[in-house]
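The letters A, B, C, D, E, F, G and H name the chains in turn, as written, and every chain counts its residues from 1.
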Amino acid sequence: MAENEDKKIFTRGNEALAMAAIEAGCRYYFGYPITPQGEIPEYLSRELPKVGGRFLQAESEIASINMLLGAGALGARVMTSSSGPGISLMQEGISYMAGSEIPGLIVNVSRCGPGLGGIAPSQGDYFQATRGGGHGDYRTPVLAPGSPQEMYDLAFLAFDLAFKYRTPVMILADAVIGQMKEQVVRREPLPPAPLPEWALTGADGRASRLLKSLFLAEGELEKQTLKQLDKYHEIERREPRWEEFMTEDADFIVIAFGIIARIAKSSIRMARKQGIKAGLLRPITLYPFPVEPIQKLSARVKKILVVELNTGQMVDDVRLSARPGTGIELYFRSPGAGSLPSLEEIAGEMERRFR
Amino acid sequence: MKQVFSRPPELIDIPSHFCPGCHHGLIHRLTAEALNFYGLRKKTIAVSSVGCSVFLYNYIDVDTVEAPHGRAPAVATGVRRVLPDRFVFTYQGDGDLAAIGMSEIIHCANRGENITVIFVNNSIYGMTGGQMAPTTLLGMKTATTPYGRNFSNDGYPIRMAEFLAPLEGVAFSARVAVDKIANLRRAKKILFQAFQTQIRGLGFSFVEFLSACPTNWGLSPVEAARKVEQEMIPYYPLGIFKEKKETDHL
Amino acid sequence: MDNFYTDIIFSGSGGQGVMLIGNALSLAALDRGYLVTYMPSYGVEMRGGAANCTVVISTEAIGSPVIGFPEILVAFNRDSFERFKNRVKPGGTVIVNSTLVPDYRVERKEVRVLPVALNALAQEIGDERLMNIMGLGALVELIAVVGTGDIEKVFPKVLGRNFEKYRDLYLKALRVGAEEIKKIK
Amino acid sequence: MGKVVINIERCKGCGLCLEACPKKFLSIGDKRNLNGYYYVQSRGEGECTGCSSCAEMCPDVVIEVWR
Amino acid sequence: MAENEDKKIFTRGNEALAMAAIEAGCRYYFGYPITPQGEIPEYLSRELPKVGGRFLQAESEIASINMLLGAGALGARVMTSSSGPGISLMQEGISYMAGSEIPGLIVNVSRCGPGLGGIAPSQGDYFQATRGGGHGDYRTPVLAPGSPQEMYDLAFLAFDLAFKYRTPVMILADAVIGQMKEQVVRREPLPPAPLPEWALTGADGRASRLLKSLFLAEGELEKQTLKQLDKYHEIERREPRWEEFMTEDADFIVIAFGIIARIAKSSIRMARKQGIKAGLLRPITLYPFPVEPIQKLSARVKKILVVELNTGQMVDDVRLSARPGTGIELYFRSPGAGSLPSLEEIAGEMERRFR
Amino acid sequence: MKQVFSRPPELIDIPSHFCPGCHHGLIHRLTAEALNFYGLRKKTIAVSSVGCSVFLYNYIDVDTVEAPHGRAPAVATGVRRVLPDRFVFTYQGDGDLAAIGMSEIIHCANRGENITVIFVNNSIYGMTGGQMAPTTLLGMKTATTPYGRNFSNDGYPIRMAEFLAPLEGVAFSARVAVDKIANLRRAKKILFQAFQTQIRGLGFSFVEFLSACPTNWGLSPVEAARKVEQEMIPYYPLGIFKEKKETDHL
Amino acid sequence: MGKVVINIERCKGCGLCLEACPKKFLSIGDKRNLNGYYYVQSRGEGECTGCSSCAEMCPDVVIEVWR
Amino acid sequence: MDNFYTDIIFSGSGGQGVMLIGNALSLAALDRGYLVTYMPSYGVEMRGGAANCTVVISTEAIGSPVIGFPEILVAFNRDSFERFKNRVKPGGTVIVNSTLVPDYRVERKEVRVLPVALNALAQEIGDERLMNIMGLGALVELIAVVGTGDIEKVFPKVLGRNFEKYRDLYLKALRVGAEEIKKIK
C-alpha cells in the first residue's frame, strides 16, 4: 500500500504494531491464526519476506512459542501474536523463555473468556499477563497500548526491554485497539542491532554456549532465581511508564488502561464540564506497575475509581500501590459483545461516586 | 601401537549420569562421532529435550538450547529459520517425541525442516520412573500399566520411523539398534547418512534408536540388551524406511 | 476549526462495500484536519454476511471508537436497519436504502429517517454495486464536514486502479447520492 | 595384537563390553571402584586382537584400544 | 498392600490423595507422568480398575485436561494430576472447564520453576493457581494441604466443591507434602453420588443438553460471567478454610501455607519458648483466601510475617486482606534444591523481626 | 404424492449461519441423516470443535460438549471412557484437526477409541478469515500465504485419511467429497459405514470430507464446488483407505 | 413426475441445486428474499422428475421433494 | 511418654535398600506411639544411583520432614558419606559402612563416628545384601527408641514374603548390627 510509505498513516492498531515490529528490527514471526489479531500475521506474511525476514504460520500456539524460544536463543528479534486461548497455551513456553532468559515479543490482542468466550474486547487477561500465567517465579514486562499509535510505539519499546533484560515481553492490547484505525506517526526504522554476546551461533572460535532453565544442583536454582529477581527489581525501579491526564488539580482519579482509559478520558472531559475535578492515570506498563505515581496521587486525592473491562483485576495492583486508607472503588463491565462501556456510562459512574 | 579407539573430542570427558548399561551413553557417543566426522562442532546448534537425556549439553560440546518437553522440533524450527546454514539436531526420548511432542514432530517433518532428529526409543519413560510410553510393548508392565499394556485401554505401540516416512517433507527415516556390535556399527553408518542428508540440504532426517533402559525394565544391562534383540526388534524392525537422493522442492 | 463531533455507523451485508466507504470518509476527514477513528466489525461477527463500521470524526481527542448509540446510521439492508435503528441517538438521522428496505420505519419521533433508493438509483446510473458510493455521497452531504471533492481526493487510495478506470461512474454515484439527500433533508 | 586401557573409575560394571568381546578377554572383577561398582578387567587369559568391539559397546566410553 | 485396609495407615501424601479420590467417588483418571506426583497415577492405575474405574495415561497434559473436560461433562467424578510445566499446559483447558462449568479435580504437586526448573518443592505456582493462569475472568477453588492427612481430607472436599459449584478445583500441594509419609486416618468411603441434572448422557426422553463456553450474542457472555461471579462471591463467603495455631494470645502472626506452614509451626513453638508470643494462620483454601480472619487478627497483632517458598506471592493477598496500616513483612526462600527453610531459620526470622 | 426428500428431524429447523454454498451445511445434513438412520439421537454425545462448525450444537439435536480448538478427540476420549455404550462423534475442521489438534487425533486413533471423526477439509481456516491450513494446496494464496503456499517454507499439504490409516487403532478411514451428487451419495454411504464401524465396536472411524469454502477461496459457490473437483480431488483422492471387518483386540 | 417445494426465505442463492438438476428445472430468479438473496425458483419449463438431486445438494436444506 | 525428638538420614546407593529400612523404622516408631515422618529422595535425584531418606521421630508434632542438618547419619557408601557428613549436627552421630568407606573421617570434633563393616559382616552371616538390615540394627541400638523386637513386628509389612522365608537371617542381621554398636558406642 502506498500509504505505508508516508510517515503519517491511517491504519489499524494491529497493522501499526506489525509495521513497527519490522522497523524495530524484528525479522521472524511465528504464530497461529486467531481473531482478533489476524492482521498482524497477514501484514507480516506479506512484508517480512520483502526485508529478508521469515514468516511461518506454526501448527499451533505451542509450536509458535517454542519456535520463538529457538529463534530467540540465537539472539534474533522475533515475535508471535495471539489472543486468549492461544496465550494460555503459550504459558509453559513463556515460563521456559523467562527461565532461560531468552528475549522475544508476545502480543496478546485480547478477546473475552474464559474458554472460547467471544471475540469482543476484554481486559480479562490482566492477571495472566502480569502474574505470570505460567509456573514458577517469573515476571514478564507487560505493555498496554491505548491507541494504534501506541501499538506502534510500544513495539519498539518491547524489543528494547526484551533485549535489555533478556526476557520475553508481552504487549497486552485488546480487540478494539487492535482493530480500530487511527492516524499513526511513524519514526525512523532502527539500524540492525548487534548480536548479543550470549547468542547461540555455533561454537566457532569460542567455548560452546548453553541456554537452559534446568538448575538441579543444590542452591543453583535459588541463585538463578534471585539473580532474576534482581532483574525484576531493576525493571520495577526503572521501567514503569504511565500517562497522567488532568491530574495536576484533580480531586478524583480514574485509573484505567488500554481501551478503557481512552474512553475514560472523554468521560473525564465531560465530568470536568460538570464541575467534577477528575483526572486519569493510565498505566502503560502493567508490569512494572506504576506504583509510585499512584502512591503520590493517592496521598492527595479524595477518591480513586478503577475502571476495568473485566471483573476486577488491576484493582488489586491499585490497592497494593495506594497509600493505606485511600478510598478505592471499582467499576467494571464484564467483557462480552456489547459490554464495552460508553463514555457517558463511565462519566455517570464518576458523577455518582465523585459527587 | 596406534590408538584405534578413543573418545571423540566432541564428547566431553566427564563421567555420565546414566545408569549402568544405559544405551543413551552409546547414542551420545555415536552422535559425537558423527559431529566429529563431518567437522560440525563449530556450526552446530543442538536442541536438547526433557528426559534422561536432558543433560545432553553436559556431554556434547556444541551450542545448545534446552527445549520444553516434546517441543524440540519446534525449537529447532525456530533455530533453522534464523540460521539456515547451521547444522541442527534434536535428541529426544520416546515419551518426549511420540507422546507429548507428536504434533511438533509431525509438523516439523511435514515441513521438511532440514534438521536431524535422533529419537531414542527405550519403550518407557526413563526419567520419571518407568511409566508407559507410546512405544511400550503390549503386555509390558510399567509403573502405570501394572497389569501390562493393554491395547483396548492404552492403544498400540507406535512405530514412529514408519509412521513419519510417508510425509513428503521427510528425506530420511530409519530405525537402528545398539544392542550388539553389528547393529551398533550399522547404526553409526545410518546416523552418518542422516547427518549427510541434512548437510546436503535434502530435508528432514530421522533416526530411531532402539535403546535399553535396564533400570526401568528391571533387568541387568546384559539382559536389557537382549530384550532389545528378542522383544523390541521383532516389533520394531530395523531398516531404512525412506531415503531421498535429491531435493524435490528446489 | 470550531468544535465538532459526529459518529456514523455504516452497516450492510458483506458484499456491499461498507468498509470501503467508511475508510474513504475517514481519510477525507483526516485530510481536512479532523481527528478520526474507524472501527470495523470483525471475525465471526462477519459470518452470515453482516458487515459494519463506525467512523468518529471530531476536533477533540476521541475516546471510544466503538459507538453504542450513533448520531447517524447508514443502513444498506434490512438486517442492519433492524439491528441498529433503535440505537440511533435522539436527534439523530438514519439514511436507509429504501430499495432493500421499502417498509423502513423508526418508531421513535426524535429520529429522522432519510430514505434513498440506493440499489435502484445505482442501477439507473449503470451499476448496482455503486450503491455504497452513492450512500457515501448522501452521508457526506448530510454531515457537511468534508465535501465530495475531499472524497474524490482519497478515492485513489481506497479504490486503487478501479478508480482510474471508472472515475466518472464513481463521481457520478457520489453526486447522485448527495443530491438525493439535498432533496429530502 | 591389541591392548585395552580401562579407566576403571568410570566403569559401571554393566558388562556390555565383555559380551561384545569375541575373545572373551574381559571380565568383571571382585573389586569395587570408588563409586562402588565392580569394574571390568582383563581376564588374564586369551589374547586381545584390538578389534575395538568392547570399546564401541561401552556406554560410558571407558575403554581405549591400541593396536 | 495390607496396610491400606486399615483406617490408620502410614503413607505418602500422593498416595493418601489418590486413595481419598477413590473413596470420594472418583472413578476416572487422565494424566501424564511428571515428578513429583508419580505415585498418584501409579496408585490409581493399580486401584481404579479394581473398583470399576478407568485409568488412562494420556499422551500429554493438554489431552489430560481435555479428557477431564469430556468425562466431567458427563457428570463423572474425574481427576488429573501434574506439576509445574504440565499445569501450565492445562491453562487453556482449565479456562474452558470454568467457562463451561464442568467440575473436575486438578492436582498440582508443585515443583520449582520457571521453565524446567527443578523437582524440589515450591510454592511458586501460587499466582497461577489463585489468579487463573488461563485467559478470562474465572477463578478455581484452590486447596493447599499441609500434611498427608490433608492430602487425604482435601480430596473429599475438592470433589464436594467441584460439584457444588460446578467448577474445576485445584489441590496445590508441593513435592514434600506429596512425597513424605506420615500417619493418615481414613474415613468411610462416600456412597455413589447421584448424576447431576446438567450431565450429558444422550438426549433420551428429554431435550438435548449442551455444555459450552462460547457466548457470542450481545450481552450473553456478560450475563454468563456475572452469573459465575455471583458463584465466586458465594464461594468467597462460604468456603474459606484456614487453621489458626496459638493465635489467641499472639502478638505476632506468621502466615504461611503448605509445607512452610508445617515448618513454621515448629518455629513458633521454638519462638514461644524464647518468649515471643507468636501464632500461625495457615490458609487451607488459597482461593477463596481467608480474608476475614486475617482482617481480624491484623487489627490486634503487632506484626504479620508472611513466609513463602517463592519470591513473594501470597503476600499480596495478605496485604489485600489485612487492615490498612498493618505491619506486614515477607520472608521468602526462592525454591530450588536445598532451599527449603529449616524451623530454626524461620524461628530466626521471627526473632529478628518480632523482637 | 409422497415426500421423498425432507429435512431429517435431527437437523434442527433453523436457518444456518454458513455462507452461501458452504459445504458444512451438506455435511451437517448427512450427519443428521446418519444419526437418524441408526436411531442414535438418544444415545449420542457429540463433541463440537472450534471453526466455522462451532455451532454444530445449534443444528444437530443431540447432547453436545464444546471442545477447545483441536482437542475434540481428547474430549471424546473422556466421554468414551465414562460411557462406553454411547455413540460418540467429533466434527472438526482441517485447522482444528490437522494443525493444532494433530497430537490428539493421532493418539485417539492409535488408541482405537471407538468413536467417529467427521473431518471437514476445506483447505483453509474458514472462521478466522482464510489463513493457510495444513491442507492448503501448494501455490494457493491465502491470508497468510500471500505469495502462494510454498513447500520449502510451509511444508506439504497433508493427507490425513491416508496418514492415519496405518495406525493399528484405526478401523475405518476414508475420504469423500460432496461437490456433486454422485460424490455426495457415495459420501453418505461411507459416512454410514463409519457410523456402523462404531456401532459394531470395531474402533476408530474417520471420514475426511473435502469441502468448499467459497468465501475464503474468493469463488462463487458453483466455482468453489468445481475447485473441489478439479484441484482438491486430484491431490486428495477419494476412497476408503482402511476398513476393518472385525475387532482384532477383544 | 415430481414436485419441489422451496423455502425461499432460507435460500441463499448459491446455485448448487440448479447445477445438480438433471432437468435444468431450477434457476435463480431476480427477486430477493428478506435476507437479500436472489433465491432459487422453478424455471417454468421442463419437468421435475422428483429425483431429489437438487434437495440433496442444497447446503441449507431449502428444498423438499415430492413424487 | 517423655519429650523426645530425633532425626536420621539413611543414605546409600540405589540397590542398598535404604528406603526399606527407613520405612521399617518409621512403622516401628509409629507402633510405639511416636509421631513419625518419612521423607524419601525422589525423581532425578535418584539417577546415578543415589538414594536416601529422612526419618523424624518425635513426641511433638513434626514440622519439616526434610532435615538439612540431621542428628544421625547412616551412610552406606562413600558418596553418601561425603555428601552428608559435614551436615551432621554438633553432638550428632554418624554410622558409617566401613567396608565401603575404610578411610572415613569427619573433620569436626563434635561429631561421633561409629564405623561398622556392614558389607563384610553381612557377607559373614551369609548375604552381603543384608547390610541394610544390619545398619538398621545398629541404628536402633543407637537411638534406643524402638527395640529390635519392634522392628521384627513390622518386618512382615515391609519385607513381605521374603521375611517368612529368611526370617532368621534378617533377625540375625538386625542383632549383629545392634551388637556392633553396643561394642563401640
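Everything that follows uses one rule, which is that a contact is a pair of C-beta atoms (placed from the backbone, for glycine too) under 8 Å apart; a residue touches a chain by one contact, two chains touch by 3 or more.
Just so you know, these numbers come straight off a predicted model, no measurement behind them.
Chemist: Considering only chains that satisfy the touch condition with chain C, which of them also satisfy it with chain F?
Modeler: Expected: A, G.
Chemist: Counting C-beta pairs in contact, pick out the pair of chains that comes out on top.
Modeler: A-E
Chemist: If you average the CA atoms of chain B and of chain E, how many Å lie between those two points?
Modeler: 38
Chemist: How many angstrom lie between the centres of chain A and chain G, each centre taken as the mean Cα position?
Modeler: The computed centroid separation for chain A versus chain G comes out at 53 Å.
Chemist: Distance between chain A and chain H based on Cα centroids, please, to the nearest Å.
Modeler: Here the centre of chain H sits 55 Å away from the centre of chain A.
Chemist: Mark out which residues of chain F touch at least two other chains, giving numbers and ranges.
Modeler: In chain F, the residues touching two or more other chains are 18-19, 54, 66, 68, 99-100, 102-103, 107, 127-129, 134, 154.
Chemist: Two or more other chains in contact with one residue: find those residues in chain G.
Modeler: Not one residue of chain G touches more than one other chain, so the list is empty.
Chemist: Would you please write down the residue numbers of chain C that are in contact with two or more other chains?
Modeler: Answer for chain C, listing residues that touch two or more other chains: 43-44, 49.
Chemist: Chain pairs that touch, all of them, please.
Modeler: A-B, A-C, A-E, A-F, B-D, B-E, B-F, B-H, C-F, C-G, D-H, E-F, E-H, F-G
Chemist: Looking at the complex, which residues from chain D come into contact with chain H?
Modeler: Per the stated touch rule, the residues are 32, 34-36.
Chemist: Which residues of chain H touch chain B in their complex?
Modeler: 43-44, 47-49
Chemist: Enumerate the contact residues on chain E facing chain A in the complex.
Modeler: So the residues of chain E in touch with chain A come to 62, 84-85, 87-89, 91-92, 95-100, 110, 112-120, 122, 124-125, 127-128, 131-138, 212-226, 229, 310-311, 313, 316, 319-320, 324-325, 333-339.
Chemist: Using the touch definition up top, name the residues of chain H that touch chain E in the complex.
Modeler: Residues of chain H touching chain E: 23, 26-27, 30, 35-40, 42-45, 60-69, 157.
Chemist: Please name which positions on chain E make contact with chain F in the complex.
Modeler: Residues of chain E touching chain F: 28, 30, 54, 56, 58-60, 62-64, 66-74, 76, 78, 92-93, 96, 100, 102, 200-205, 208-214.
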